[in-house]
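In order of appearance the chains are A, B, C and D, and numbering begins at 1 in each one.
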Amino acid sequence: MGEVKHEYPLLYPLIPILLLAPILKLLGWESVDAAFLIVTIPLLIFPTILIIGQIYNKNPIWKNKWKEGGILALGALTVSLTIALWILFDYLYGNSSFSNQSVDTWFEWITFDFLQSNYVISQESRIIGIGVWIDQVTLMILFVATFLCFLICWFSMGYMNTDPINEDRNHRFYAEFVLFSMGMFGMVLADSFLWLFIFWEIMGLCSYLLIGFYYWKVSAAYAAKKAFLTTRIGDVFLMIGLFILYDIYGSLDFAVIFDDPSTGVSGALVDSNKLFWALLLLFVGAVGKSAQFPLHVWLPDAMEGPTPVSALIHAATMVNAGLYLVARMVPFVDIHYQGVPGLENLGIIIAFIGGITAFMAALIAFVQNDIKKVLAYSTMSQLAYIFTGLGVALWFYNTDHHHAAMIAFGASMFHLFNHAMAKGMLFMASGSVIHEVHHAHDHISEGNHNHNFDPQDMRNMGGLAAKMPITATAMMFGSMSIIGVPLIGGFWSKEGIIAETWKAAIEYEPIMFVPAILILATAGMTGFYMSRMWLMTFAGEPKNDVVNHVHETTPWIREPLLILTAITAISGFGLALFDIIHYLSFDIDNLKMKGLVYTLEHAFLPSDINTRIIGWTTITLSFIIGPIIAARVHGGKLQEGEKAIPTISWLVSLSGKFGSQDVDNISKSQFSEALQNRLYFDDFYEYLISKTVIPFANFTAWFDRIIIDGIIKQVESKSVSGSLEVRKITTGSAKDYILMAVVGMISIFILIWGVS
Amino acid sequence: MNSLSDISLELLLPEAMMIVGILAMIIIPNLGDAKIRIPLTNTSVPVFFGGTRFAQVNNPFIPSVVAMITFTASFFMSLIMLEAETNGNIGEVMEINQFTNLFSLIFTSALLITSIATFYRMPPHKNPEIPKNTDSESSTGTKIKILMNNRRQVDFYILLMMVGLGMCLMSKSTHLFLLFVCLELASLSSYVLVGFYKESDIGGEAGTKYFIVGSVASAVGIYGMSLLYLWNGNLQIDSLTSSWATMESLDPFAGIGIGLMLVAFGFKVGAAPFHLATPDAYSGASSPIAGLLATASKAMGFVAIMKILLIITSSEEGIETYWMVAIALMSVITMTWGNFAALSSENPKRMLAYSSVAHAGYMLAAIAAIGSGLGDIDSNILIVTAVIFHLTILILFKFGAFLVLTILENEGLSHNMDGLKGLAKRDPVIAVSMFIFMLSLAGIPPLSGFLSKLLMINGIVNVSAGTGSLSSATILTWITSVNIIFWLALSIVINSAVSLFYYLRIGLIMFFEEPVIEEPPAKSIYLRIIIIICATFTILLGIGPLSEYLLEIANEAAQSLL
Amino acid sequence: MIDPSWIVGLGVILFGIGLLGTFYHKNAIVVLMCIELMLNSANLNFVAGAMYYGDVNGWVFTAIAIAIAAAEVAIGLAILLSMYSTQQTISLEDANILRN
Amino acid sequence: MNLDILTIITLVPIFTGLILIILPQLLPKETADNLKLITRNISMGVALAIFAISTMIFIGTIGSVDWTDILHGEYVLKNEQFSLISSIGVQWKVGADALSFPMIWLTSLLIPISMLVEWDAKKGHIFHPLILIMEGALLGVFVSLDLFIFYVFWELTLIPMFLLILLWGGEDRKYAAMKFFIYTFTASVFMLIGILVMYFHTTPIPGIGSMTGHHFDLVQMSLQDNLIPNEGLRHFVWILLLIGFATKMPSVPVHTWLPDAHVQAPTAGSMLLAGVMLKMGAYGFLRIAVTIFPESTIIFMPLLVFLGMASLVYGAWVCMGQTNLKRMVAYSSVSHMGLIFLGIATMQPLGIAGALFMMFAHGVISPLLFAVAGAFKHHYHTLEIGSMRGIAHHSPYLSGHMMLGWMASLGLPLMAGFVAEVAILIAFWMSFGWLVMLPALTLIITATYYLTSMQRTIFESDDPHQGILPASLNGDEPRDVTWNENTGMFILGIFTIIFGIFPFIFWDMMSVWSTGFMSDIMISAMENTDAWSPSIDWILEVFK
C-alpha cells in the first residue's frame, strides 16, 4: 500500500490570499464592493493560465510547482471563496440587511432610446448596466458555487495532473475551469436577466470546452457538441423570453422588475398571458440547462468530460443555473407581493416536467453500469425534484397560499444545496474510484493498454470498500443524502418537496397528483439505484482482478472528500435546525430557531395526517424498500480477509443479509433494453435530425448552387452562346450586309411613319 | 453675293494647312534637277520639279514628317481657335464656332496619332536594299516589303490628309450638300486606307466590303438628300430647319429623305444594322486606320447625325420627334448587338470594333433622349455635351487600345488573342495602359469613360425620369407610365455590365496567360509616349480640373451647335 | 418640258433597281454599277428639283454628284483589283475570310 | 487648399500605393529591387500611421471631437468646400459622423492586420501597396459626402480587390474574380441610375453645378424636403438603390458572388471583403436609401424584412450544407448581414443601433474567421471540412483562434457579435412580435454548423498524439500558424472580446446617432405614410 505524497508546500503562495478580505475591509471596502473581484479575478486568471501554459508548456517548474496552472486557478478560486464568505458573513451577521438587495452599477453596458407606439421617442435613455444583486438565494448558491469550485479545483490537481493522458494539457483544463467558475459566479451575482443570460452562455461555452477536453475522442467531441447545441436550443427560447420581459418591463434589471412586477413599462398593467409566455420561455431555457425532459439528452453524454468537470458542471453548479432562473420567477407570481395573477399553469407545467424527468431518469438509472452515468441520471432526477418543488411553489404563490409556497420554495432551494454538496462529492468519489481503478489497470497491464477495459464500468469493480475506505465512506454518505435517509442531508429537503406536492394535489389541485405520484415513486427508485451503485462498487467480491491492485494513494483527493462528507452528513440537519427553509424563501419574519425536538417532530410526526402518511411512505420507500431490493440483487460480503473500516463495514455486511436474487430475466427484457438505450430518446432525436435537418441543409446547399447560382451561370453561358449566334449574322458576305442595311432602312421608315 | 475678299480665310487655317501639306507632299518628293530649256535658246532653266530627285528629298522619311508637321500645326491651330473661341461664317456654306473648333481638334488629334502610329506600322527605311538573286526567300520578302513601304509613304499620307480635310470641312459646313461632299471626300479616302495593304489577303477584302457597303450607304444618303432638295428646293441647313418646323404633317419627301440620310450616317457611326461591315473593315485595316475609323470617322458620322436630327428635324419642347422611336430602338439594338457580339470575339480588333458599335449605341440613346422632346433646351445641351465629351475622349482610350494593337501588329499578332497573352510580362507599361483603356471603355470610375457614360445616362434620366405617373403611389403604375426613354438608361447600364466581361477578359489575358513570344515588343518610342499620354489623360479627364475644362468646352460646343 | 415628277418617278425606279441589285448580285462590278444607278437616280432628283424650283443649285449638285460618282468608281475599281490580286475573285460572297 | 485630415487619410494610401507600384518600374533595376524589399514595410508604416490617426480622431486628440455629442445630420471633420467638376456639381466633400466613423476606424484597423497576416505574400511589392490602395478606396466610400465621389470610390474598391483575387487567388480565381467584379458592378450601375435620378431633383446651390444646376451633395439632398416628389419614381429609385446595396451586402438572392469570391480570394482579400466591403452595402443603404427616402423604406419594410429574414435563415441553412470551410464562413456572412436588414426594418433606435453595431462587430469577427480559414489553406492546403481531424494537437494556436472566432460568430456573450444580435432581436420583438422566433431559432442552426465544422476539423482524431492529416499535406509535417498570422488573429480576437465586454466604446455614439436618425427622419416619415404599426399583422396585410 503506497503512501499518499502530500504536496501542501505548493499551496504556500496562496496563503496571503486569505488575508485579502480582511485587508479590503481595513481599506474601507464594503463586502459588496468587492463582489466584482469574485468574477474578475478568475476572468483575468483565465488568459493568464492559457498564455503561460502555452509558453511554458513542458517546463518542469510550471509542471511541478505550479501544477500546470492548477495553483493559479486555485488561487483565483480562493479569492472568490474568501470574498464570497466575507459577503456571506456580512449578510448573516454584519451590517448589510437581509431584506434589501445591494445593487452596484459598475458601468453602463449599452444605452439606447426607444420608440413608443405613438411615434414618440422615449425621453430617458434606457440603460443595460452591470451590477450585483444579492439576496438569500444568491448567498446560498454563491457559497455553493465558490466552495465547490474551490474543492473541485483542489481535487483536480490530484485527479488531472497524475493522469498521463493529460500530460501537458492541464493548463487548458485549469484555464477553462476558472472561466467556467467565473461564469457561474457571474450568473449568480448578476443583477439583471440579461447578465444572467450572458454568464449563463459563458458557462455553456465552458461546458462545451470541458466536456470536449479529450478533444481527440470522437465520443467526447460529439458529446460536447450535443451539450452545447441542446442547451443552445433552450437558450434561444430563454432569449426570446427575455425579449418579452423586456417588452413588458422596459428593463431586465431585477431591481426594476421586482420592484413591482404587476406594472410594466410606464405604469401599464402587465398582461398575464404575455408574462406567462415570457416565463414559460425562460423555463424552456432552464430545462435545457438543467437537463430536464425533453432536453435532457446531453447530460449523460457529457460524462465524457474528465470527472472533475462532471462534478463541477454537471452536478454542483451549472445544472443549478436553471433552478436558479426558475427561483427568480417567484416575484412574478407571488400575488402576495404585487405578483401577477393568472399564472397557475406555469407552476403546473414546471411541476409536470419535473415529475416526468424525475421518474424517467430514475428508471434509466436502474440499468446503467457506468458509475458516472448512474450519477448523471441521478442528477437529472434530483434536479427534477427541485423543479417539481419550485413548480409547486410557484403554483402556491400564484394561488395565494403563501405559507405553503414558502415551504415548497425553501425546501427546493435547500434541496439544491444538499444535492449540490452531495453530488459534487459523489462525483469526486466516483472520480477517485475511476482514477484508482485506472491506475491499477495501468499498473498490472504494464503499458499493454487494453482499450476494452472500462475503468468506469461497475461490473469491473466490487469489493472496493476495503481498498478505498475514504472514498467508500464519502460515497456512502453522499448516497444517503441523495436517497433521503432520515436525518442526513437531502432527507430534510426532499421530504419537504414531496409533502408540499402532495399537499397541493390533495388539498387544492387534483392535477398535481401526477407529479406527486411520480416523485413519490422516484423516491423509492432513488433508494434502489443509489444503493445499487454503492453496492456494486464497494460491496461483494471483486469482479475483476484489477480491483486487487487498487490503492487510495493519489494526493489532493482525500481532503475534498472528507470535507464534503462532513458537510453532507451534518449540514442538512444543522441547517434544518436553523430553519433554512424559511431563510431561503425570503420569509425572514418567521425565521427562528425551532429547537431540536420541534424540528424532529415537524419532520417525522407532523400534525397534518396527510403529510404524516406521505412522509412515512417516502421513508419506507426510499430507505427500506429500495435499498433492500438493491441489496438482494447486488449486495454481498467482501472477499475473504478484506476488512472495511467501521463506518462502512456495517453496511457491507448488512447488504449480504438479504439473500440474493437473480435478475437476469429482467435485465434481458425488452423494457430493460429500452432503458439501456435511454428510452430511445437519443436515437429518436438523432433519427429526426438525420432525416430532417441534414437533408434539408443539403437540399438548401444544392438549391443555392444549382438554382440561385445556376441562374447566374445560365445567364453567363447563355450570353456566350447568344454571342456566338449574334456573331454568325456577320456572315462575311457584303451582300448580306447590304441586305441587312436595307432591312434596317425599311424598319426606320416603318417606325417613322408609325409614329407620325 | 459675297466677294471672295469678304471671306475671312483665317477661319479655315487648319484646313488650309492640310491643303498646304498635301501640296507639299506632292511637290517635295518630286523636287529634282529637271531643267526646262527655254524655247529657242540653249539656256536651260532649272525648274526643280522632276528629273533626278535630289538626295535630300529622296528621303523616305519626308512624307511622314510632313504629315506629322501638318497635323501638328492643324492641331495647334484648332487648339488656338478653340481657346480664342473663334467664330465666323464663310459664305453661306460654312460656319465656324466652338463646335467645329472642338471637332477640328478631335479630327486633327486623331489624325496626328494615326500618322505617328503609322510611322511605326509602316516604317520608312533609310537605305533600302534591292533584293538580289542570292537572297533567301524570306529576306527577299522582307526587302520587298521595305521597298514597298518606302514607295507608298506618300500615298498613304496624302490620303490621310484628304481624310482630315474632308472631316474638318464637313464639321464646318452648314450646307447639306457640302456636308455630303466633304463626307464623301473623307470616306473615299478612308476606303482606300482600309484596303491599303493590298498585298495581304484581308486588306483587299476589307477594303472591298467597306467600300461596297459604304458606297451603297452613301448612295442611299445622297438620294435621300436629293429628296430633301425636292422637298425644300434648298439644302441650306437653316432653310431646311425652318421648313421642317413649319411643316404641318410629315411630308413624305422629307421623311423618306431624312430616313435615307440616317442610313448613310448610321453606317458611318456603325449603328445596327448598318454596322456589319465595321468589324470586317477594322480587322482588315491596319490598327492605326482602324483607330481612326473608330474615333474620327465615328465622330464625323455623329456630327452629321447631330446636324440632321438635332438641328433640321428638331422639334419644339414637349413634342416628340418623328425619329425618336426609330433612333431609340436602333440604339438599343446597336448597343446590345455590339456587346453581345464582342462577348465571345477572339480577335481583339473585332472585339474593339464591336465595342465601338456598342458605344455608338450609347450615344444614339442619348440623342434619342433629345428626340423625345421631353427636355428643355438646357437638358438637351447637357446631352449633346455628353455625346461630344464622349466623342472627344474616345480618342484617348479607344484609339489608345488600337495603338497598343499597333505595337502588336508589327509582330503579326493582332488578329487573335495570342498577341495580348502575357503582355504584362513582356511589357508592363503597355499592358497597364491597355488595362486602363479597357476599364475606361467599360466605364469604371474614376476613368473618363465613366464620366462620359455617366453624363449620357444623366441626360437620359434627366429628361425622362420626371415623366412617370404622378398620381399613383405604386411602383407598378409608375413603371408602366414612364416614358420609354427612361428604359434606355437602364439598357445602357445593363449593357455596360455585360461589356465588362470582355473588357476584363482582355485584362485577364494580358496578365495571366503565358506569352506566346517572350521578348518584349519593339520599343516604338513615340508611339509608347502617345500611349502613355492617352492613358494619363484617360485618368485625368475622369475627375478633376481637366475634365472640368473639357466639359466646359464641350458645353460651349453643344451650345453653339444647338 | 417634261414634268419634274416624271423625272422623279424615273429616279425612284432607278433607285429601286439599284438598291435591289446591290444585294441581289454577287459580282462586285455589277454592284458597283448598281451603286452608280442609285447615284444617278439622285442626280435625276436634283435635276427635277432644279427644274421645279428654277434653282441653279440643283444643276451644280448634279455636276458635283457625277464627279463624286466618278471618283467612287475609280476608287472602287482600284480596291476591287487589289482584292482580285490576292483572292482571285471579285465575288462578294466568296470573299469572306473576314467574318463573325 | 488646406488638406483636412479625412482627405489625407483617404488620399495618402491611394497615392502611396500607386507610387510604390509604379516607382520600381521607372527606377533602375538595382534601386528598384532594393525598393521592392522595403515596400511592405513602407506600406505597413503608412497603414499604421493611418490607424494611429483614426484612433487619435476617435480619442479626440485630432479634431477634438466628442463622438457621443454628434447628433444625426451633423458631420465633423468636414473639409473646406472644394469643387472637383463644378459644372456638373461634383465636390470633394468629406465628413464623418457616428455612422461612418466606426467604419473608418474599423477599416484603418483591418488594413494593417490583413497586411500582417499576409506579411510574406508572394510579390509583396505589389500586394501590400494594393492593400493600401484598397484602404484609400474603402475610406473614401465612408468619408465622402458627395454621391459622385461616393460612387467613384465605391467602384474603385473593386479594382484592387479584383487584382488581389486574380493575382493571389486560388485555382479558380479567374472565374471568381470576374464574377465578383461583374456581379457587383452590374448591381451598382442600377444604383447609379438611382443616384442620377436623385441628382436631377436637387435644387441648385450657388457656386456649383454651373452647367446642370444640380449637385451631388449628399447632405443637401438629405436636407431637401421631399427630394423626389413623384412617389412612384421615389419608390423606383429606392428599389434601384436597394439592388446596388443589397448585392453588396450581400442579401439573398443576389449573394452568390460572395462565396466564390471568398473561396478564391487570398486571406487578406477575404478579410477586407468580409470585414469592410460588405459593410459598404449596409452603410450606403442607411446613408442614402433610408436617409433620403424614409417613406419608401417604410413602405417597403416587408421587403426588407423578407430579404433580411431570407438571408439570415436561408444563409444559415446553406452554411450547414457546405463542406468547404471558407465557403461556409462566407455564407455565414450572408446570414449575419441579414440581421442588419432586420435591425433597420425594426424602426427602433435600438434596432438601428444594433444594426450599426452588427456592421462593426461583424467587421471585427469575420476577418478573424477568414484569417483562420486562410491559415488552414496556408498550412494544410485544404479547406475541406472533414478531410482532417484532431488538428488541435498539431496547431493549438490555430485551433484556439478558430474556437474563439467561431464562438464569437455564433453570438456568444461577451463577444462583440452578441451585443448586436441581442439589440436587434429585442427591437425585432418590439416591432414584429413572434416573428422573432425565426431569427432566434436560426441561431441554433448557426451554432450547429459552426460546432459541426469545428468538431470535424480540430477534434475527433481518435488518437491523443496524432491528428488525422489531410491528404493535401502529402505527408508533410503540419505546422501551426506563423507569427504574423498569430499576431493578426490575436489582435482581432482581443478586439472581439473588448467590444463584447465594453461595447459602449462605439455603441454610445451609434445609439445617439440612431436616436437622432429616428427622430429627425423616420418618425415624420412614419406619420406621413401612416403605414407603420408594430405588429406582424401589418406585414401580413401588405403581403396580401
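Quick note on the criterion: a residue touches a chain if its C-beta (ideal position, glycine included) is under 8 Å from a C-beta of that chain, and two chains touch if they have at least 3 such contacts.
Remember, predicted model here, so these are calculated numbers, not experimental data.
If you compare B-D with A-C, the chain pair joined by more contacting C-beta pairs is B-D.
With centres taken as mean C-alpha coordinates, the chain found closest to the middle of all protein C-alpha atoms is D.
Averaging C-alpha coordinates per chain places the centre of chain B 44 Å away from that of chain D.
Centre-to-centre separation between chain A and chain C, using Cα means, comes to 99 Å.
If you average the CA atoms of chain B and of chain C, the two centres end up 25 Å from each other. Separating the centre of chain C from that of chain D, both taken as means of CA atoms, is a distance of 64 Å.
Each of residues 727, 730, 732, 734, 736, 738 in chain A touches at least two other chains. Contact with two or more other chains is made by residues 19, 22, 28, 31, 92, 95-100 of chain C. Multi-chain contact residues of chain D (touching two or more other chains) are absent. Here the touching chains pair up as A-B, A-C, A-D, B-C, B-D. Against chain A, in their complex, chain C makes its touches with residues 19, 22-26, 28, 31, 92-93, 95-100. Across the interface of their complex, chain A is touched by residues 208-209, 212-213, 216-217, 220, 249-250, 255-256, 258-260, 262-263, 266-267, 272-274, 276-277, 279-280, 320, 322-326, 329-330, 337, 340-345, 498, 501 of chain B.
Against chain C, the residues of chain B that register as touching in their complex are 177, 181, 184, 188, 191-192, 195, 198-209, 211-212, 215-216, 218-220, 222-223, 225-227, 229-230, 233-235, 279-280, 283-284, 350. Contact residues on chain B toward chain D in their complex (touch as defined above): 378, 382, 385, 428-429, 439, 444-446, 450-451, 454-455, 457-458, 461-462, 465-466, 468-470, 472-475, 477-479, 481-482, 489-490, 493-494, 496-497, 500-501, 504-505, 508, 511-512, 543-545, 547-548, 551-552, 555. Residues of chain A that touch chain B in their complex: 719-720, 722-724, 726-727, 729-730, 732, 734, 736-738, 740-741, 743-745, 747-749, 751-756.
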